[in-house]
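Each chain gets a letter, A, B, C and D, in the order it is written, and its residues are counted from 1.
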Amino acid sequence: MITECILQVRTYECDSYGHVNNAIYLNYLEYARYEFLKAINFDYPAFIKAGYGIFVAHLEIDYKKQAYPDDLLTIQTRPLKKGAVSGTLAQKILRDKESIVEAFVTWACVNTEGIPSKLPPQWNVPGLMPED
Amino acid sequence: MITECILQVRTYECDSYGHVNNAIYLNYLEYARYEFLKAINFDYPAFIKAGYGIFVAHLEIDYKKQAYPDDLLTIQTRPLKKGAVSGTLAQKILRDKESIVEAFVTWACVNTEGIPSKLPPQWNVPGLMPED
Amino acid sequence: MITECILQVRTYECDSYGHVNNAIYLNYLEYARYEFLKAINFDYPAFIKAGYGIFVAHLEIDYKKQAYPDDLLTIQTRPLKKGAVSGTLAQKILRDKESIVEAFVTWACVNTEGIPSKLPPQWNVPGLMPED
Amino acid sequence: MITECILQVRTYECDSYGHVNNAIYLNYLEYARYEFLKAINFDYPAFIKAGYGIFVAHLEIDYKKQAYPDDLLTIQTRPLKKGAVSGTLAQKILRDKESIVEAFVTWACVNTEGIPSKLPPQWNVPGLMPED
């Protein structure tokens, strides 16, 4: 299942080239991942309150086209892989149905000591699994 | 040749986990790439003035350990690959000689129309070539 | 006339206190000012293309309450003062109709040399004038 | 007593005007305030660990001149006012001894419930008092 969210590029997210700075896309992807967690009923506030965390372990990103102030961007997020402790999401940023950025983001669950650990059952939700 | 630069983590670069947000490392790597360009005598202001640009086409990043406010980070940058239009840099962020982040960053030169193009001779400097 | 726009707080805009970092509100206010310019038919892209710029000369901001991830914020912008070269906008950020941030932002028009100068007639739009 | 710290403007801190975005100066001032706290022996990590916080309640900032990538900026911080719960700092950003930004920042101490409260004795250090 692909989760979608929409955002609009803002002026301060652009650098002296006049386009969105390469780091800002990681902000966009983070925003989309939190919308994805909501969509799959992963209770993130409760997760954090219980002392757990999710970190980005690895990220690959292809910058295909630039984005500019006011561009309306759609971000698609879907699970690609899933293990007990970590998984990978495929994320795609589109403008007018054209892919401008594609990324693979590997996340890992950590426990209260910051050590990678299994996702507790309450948060090991089906939506984290890739569809087959 | 490995170019090094140093920076110190600042509080506003950290998110609600209390550690540096994953997007911020891309800012750090960008800073290090500009220091690298200076070190290899790539005249970036002249390059921009002539209407050219360098964009990040692709990036892979491994987040091994977290960084915190006041951490002194050393960033190493060295060329890995080089073509006529693009190349890849290997970048590493260390704290106390321990690698905390590693990345491969593929850059591409664009001309005044924003089209990928060969680096003009004046900027096709030796330091962009990997050592063999 | 008060112009309104809405945005939602994102996780990466929050710092280690878990609330929106004080600098980020200036990003929000900038976004709202650009929406304000559109609403009053100030053609900003044409303005920039003609070589002009608008800078923030002075800003006063009252931080009344904190904002958190997912908060829906309404930003109101209205002109307070207007001269030939500069003016002041009153901006207010509300959550559930409660004011959480209030600011006065003084802007100045600069010409192609970066010198403060009169707004050219094409951009000296009525919406920049406070209502009386 | 005036505390000083130095930083260098980085490319990603600049927007499409090619100069430092107005919000970024608040990041710079935050950095300088934390250096100030260290200089006056305010143990900030212990303060946070004890459950307290310091928030910015009010800020006035004068943007006099622009700053550009690679500019070396000196930030001066000195106390202007001090009460039991809050105080005001005067901060100045200089380039080559020329003032480019000046600000007054009012801070407030909050307790573990986020309610403004007196600074606990351990952190009510002399350096927070203006000299007279």
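Please note the rule applied: contacts are C-beta pairs under 8 Å (C-beta built on N, C-alpha and C of every residue); 3 or more make two chains touch, one makes a residue touch a chain.
Keep in mind that this is a model prediction, so the values were computed, not measured.
Counting C-beta pairs in contact, the pair that comes out ahead of the other among B-C and C-D is C-D. When each chain is reduced to the average of its Cα atoms, A sits farthest from chain D.
Centroids built from CA atoms put chain C at 33 Å from chain B.
The centroid of the Cα atoms in chain A and the matching centroid in chain C are 29 Å apart. Chain C and chain D have Cα centroids separated by 23 Å.
With touch defined as above, residues shared between interfaces to two or more other chains in chain B number as follows: 11-12, 17, 21, 23, 27, 30, 69.
Residue ranges on chain A touching chain C, taken from their complex, read 10-12, 27, 30-31, 34, 69. Of all residues in chain A, only 11-12, 14-18, 21, 23, 69 touch chain D in the complex they form. Across the interface of their complex, chain C is touched by residues 17, 21-24, 26-27, 30, 53, 55-63, 66, 114 of chain D.
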